[in-house]
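A, B, C and D label the chains in the order they appear, each numbered from 1.
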Amino acid sequence: MPAGAAALEVESVSVSYGKLVAVESVTLSVGVGECVAVIGPNGHGKSSLVTAVAGLVRRGGTVRAFGETLPVGSPRAAVRAGLILVPERRHLYPELTTRDNIMLGSYSRTRRLRARQAWEDVSGVIDMFPELGRLLDQKAGTLSGGQQQMAALARAMAAAPRILLLDEPCLGLAEAVARRVYDWLGAMTETDMTILLVEENPAHAILVADRVVRMYKGLVERPEVSSA
Amino acid sequence: MSEPAATDRGTIESSAATGPAGPAAAAASPAGSPGAAAAHQVRRHDPVPLAAAVGITIIGGLVLAAMNGSYLGLTVTTGVGYAVVTTGMVLQLGYSRQLAFSQSVFMGVGAYGTGVLETKYGFNSAESLLAVIALATVVSLLIGAVVTRAPGLALALATLLLPLFIYQLATYSSWLGSFSGIDGVLPFWSGPSYESTLVRSGIISVLLLGLAAGLVLRVMRSGVGLQLMAMSEDERLGESIGVSLRQRRLEVFVLGSVLAAVGGAVLASAQGLVTPDVLSESAEITLLLMVFVPGRKSVAGAIIGAIVIEYLTTSTSFISTNLGIIEGIILLLILLVEPDGVAGAVARLLGRRTDRWAASLRSWSAARFRERGGRGARGGGNGARDAT
Amino acid sequence: MSEFLNLLAAGLTSGGIYGIFGACLAVWFRVCNVLNLAVGDFAMLGAIGTARLVQTDHLPFLAGIVVDLAAVGLIAWLFDRLVLHFAFDRGAGAHGIVGVFFYTFGLSLILEGAARAVFGTDVYGAPAIWSGPALAIADFHVQRAGVLVIALAIVSGLVLWAYLRFTVSGRAASACGESVLGSRIVGIDSALFRRRIFIVTAVLAALFGIVESPITGFTYLSGPTVSLIGVVAAGFAAFRRPGRAVVAGLVIGVAEAMLGGYVSTTYNDVLLYAALFGIIILRPEVLGLGAEPA
Amino acid sequence: METVPETPPEATGAAGIAGAGLTVPATAADPVVLACYGVTKSYGGVLAVDSVSLEVPRRGLFGLCGFNGAGKSTLFNLLAGSVRADSGSVRIDGRDATEWSAMRRARSGVARTWQTVRLAHGRTALDNVAAACLRDPGQWILGSLWRPQAAPARERAWAALESLGIGHLGARPVDGMTLEAQRLTELARALVGEPKVLLADEPASGLSATQRTVLAEALTTISADRAVVVVEHDLDMLTSISEHMWAMVEGRLAYSGDVETFRSSPVYAGLRGIEQG
């Protein structure tokens, strides 16, 4: 689908850990409602790129969401701009219930409310992930990998994002579960949700991405248009 | 975790692609240093522990002889007493990460044990030392059998409570001389004059320290040390590779406690008296600083740290009055700047040099790889069988 | 009967003390998995500081309290900025079980040293907030300060419990302790929670020191003992449940008083430590000590 | 495909738990080395593993697949002993190992790897592997004074690393290594003790396609003289290397048999999500 105005603009962003340069002045832009997949082998800076875009690691360069420049090292600003990361390995709160995990996705909106009100505010996202319905009062730590991934996505949706950053959403998921995640992603791409997807497996990425870029040794290789 | 990949990707992928061609990759790769690995295996006898033991005894003995019974000599001997304790703590807290706060308690067992046995039952210093070691072993086995069942944080808290009531018991009990403690503890080895006694006892103390250091180093560098390394990182991992957590935890606890008791005995005989102070929280605090400031994994650091800190706390009145603030600030600085302590910083500086040394071994070892690496690829275990 | 009632009163008073410090430790541990071993020293600063301001500097009592609490809050803020910030936001320094104990432990050393240098070594007691003779109901006597102690303990325990139980912010605070990254990606500022709650508990502890000091009196060395009492109470409450910590504290206090009254006065707190020791060893999972904090 | 009784062959009269599992026919030539009979484990009311019975012959490569939460990892934990079963029995070499600790099971030849990398940071790959191959793992700590086993252990460790083609990384701290190198190091650590059975939990997760093929080769060679049970979501890889497949669905063993039949089984279709499209 043709990209309208750029929703997410990444300009010469670079990340380095000590001497090691993980991301080397990467520039790419994602149009509103577009889904761009970043592929490439592990350890070539894909994850560093998205975590930097989400403001979790210190970075060089600028990141703009809907034209608004995001300050470096402030995940809160990114969240307020509607930019939500679903990190690799999920990072749920194992000792809290699934309900609380999902509910806290809406923190930036509901921080002042009482827990019950906040839940009523976001409970709608459950419709997207019916299998979570019966697990709401279970501790997130006791969920299986697939269920946790669903919970992580639900938490992200509870934040009412306008830009989704997905880091390896299918890592360690059974194929059919992965397929469900991708069906869901596909549905997302039909909406005006802007998606930046990090995926190690090109075959998966092709399914949903409008555009695929490849990162190698911290650099983005020239974008090639995918068959999708 | 995946980021550092960039550094040695070339190496690993070359080797992975060409499976068994480890040697080629090894010889080719600038970073991979099989030399060091091979060197490890060639050296079947590890000289370091013995060397350390002998070195400490000789140097320490000479230093004390040079001080010839001065007040400084007494301070150093006291420091040596603490050093024996901290050496044990390096194994227990530093290397095995068994965060137990019970050393001051066992220091007390050693000190009070010596005092009671010598003043009330007429033991001589040698007998009382052996008796104290036996006593500490039994007590630490009893306590350890209970506390080492608890996971990390629980163990720390349980042992955090120990000093409290032991201190109370000691101060309440008139048999242990309540607050004034026990006077008239014998020196290890008395001589004609006060000075000579101090020097001779000092030499015995240094000998004990040497033994302690040698023992700890030997254990840390042994196969058991490797097991301790694995379980201190991750206990689930430890048991999955056949480490008996219960056994190792208890052993480490007992070893640390017994060394603490020996240290206590050294203190008692150096000062000639025992006071409840050895049991107080502040004693435990000082011990922890003696270990954490120089670097909690370094035996040498712990020894030097113990002696230096003991010297500082006793020598200058400024430090001894403002001890709290100074200790606190140093502790925080160490924790923030260099968690591995001074030794960690030094090691990092020396690290580069050892790399160069390893590189010089590479070519030689690469040859060694070729003559035996070839069969490696056939079947996981076979290679291992050939190796032995 | 009267003896029993008076023991009960004394027990509830000391129990309130245990409980509140336990609650302070517990709520902060829940947020950042660090034990605040300096909590007792904040109480000490509260008591001694106020006493000095009122008695030697002749400030009005209320002003003295305000100034003192402000100072304590400032110290807490400084410590967070200068130490915790680097350790937990910049990822510098020691972590794991070492971090659990030693940062606040260092702070405690510094505060004691400073207190000794500034206030000397004598015993202080802040003036009583609610002065007057002990309240007597029939032959049941309880000091007014004691009543304040118990009331303050129960109230603050309830407030902390409700905060964690019912508010989004409270859940967010718990989330920080569960997963720092996980909380940051939804816009929860874990550092802010850590700092706020550290300061709040520090001030609360100081206030409690002021209220309590007329009963016991404080020296510059009172801190560690108080902190350990807090650790004990928090220990009975899995280190994460402030409400439970207060309840546990009250129970311990009463049990201790009864032991002291009917069994032996010398070893009653030995018995208390022994009780926690037993629980820690026999049922660590009950205390949520199954695994080390991340 | 024959059913295995819920109770060990010789344990007669024990009440069989409902729902028989399925397994490989163990011949006299290949006696069973590791087996579980009707093991059940539930977490907070959720039945993670539901009376599963299976027998692992002495050599060969066996695939275990299933949805997330089907109970594969829990089953591994039950077999390796890091989790106790609520009911059922585990047997190692025909001996009843139900009550054995993870340590004892490891020492009697059950090795495992985890989904996530578990290595001692700051230490070399060599030391990480060597820790797992002391000739006398239960040595008394002071025994190491006159018999420190480090040197021979490092010899074996180094050979094991060699055999997986990463001997040249032996002297390297594990922290700086690629995920692949770390996984291979863990594999070496699991193998260096000459285990009878290797339980590999998603050994290829996070690896690229080429790296997976390398790992697959390694696993195949390993399974030449021992039993290897692999949990893996990459069904193509798994079916290509395994000679026998187990599939778990909602805590139960839903399929057990050879690979061809598996490819045509409904379970396979379900895992592939074919019915979804």
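As a convention for this text, a residue touches a chain if its C-beta (ideal position, glycine included) is under 8 Å from a C-beta of that chain, and two chains touch if they have at least 3 such contacts.
This structure is a prediction, so every number in the text was calculated from the model and none was measured.
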### Steps needed, at minimum, to go from subunit C to subunit D via contacts
2
#### Entry: A-D compared against B-D, more contacting pairs
B-D
## Note on the structure
Averaging each chain's Cα atoms, the one nearest the global Cα mean turns out to be B
### Message
Suppose each chain is reduced to the average of its Cα coordinates; what separation in Å results between subunit A and subunit D?
### Response
33
### Message
Measuring centre to centre with CA averages, how many angstrom lie between subunit B and subunit C?
### Response
34
#### Entry: Geometric centre distance via CA averages, subunit C-subunit A, whole Å
41
### Query
For subunit B, which residues are shared contacts with two or more other chains?
2, 4-5, 7, 9
### Query
For subunit C, which residues are shared contacts with two or more other chains?
none
### Query
What residues in subunit D touch two or more of the other chains?
178-179, 206
### subunit A residues touching subunit C - in the complex, by the definition given at the top
54, 56, 75-76, 79-80, 84-87, 90-96, 100, 103-108, 110-116, 118, 155, 159
## Note on the structure
Contacts from subunit A onto subunit D in the complex sit at residues 41-43, 138-139, 142-147, 149, 171-180, 183, 200-201
### Query
Hey, which residues of subunit B end up touching subunit D in the complex?
1-2, 4-5, 7-9, 11-13, 15-23, 25-26, 29, 31-38, 40-41, 43-44, 46, 215, 218-219, 221-227, 229-230, 232-234, 236-237, 239-245, 247-248, 251-252, 255, 358, 369, 373, 376-388
### subunit A partner contacts - residues on subunit D that touch it in the complex
43-44, 46, 65-70, 115, 178-179, 202, 205-209, 233, 235, 270-273, 276
### Query
Which subunit C residues qualify as touching subunit A in the complex?
165-172, 174-175, 178-179, 181-189
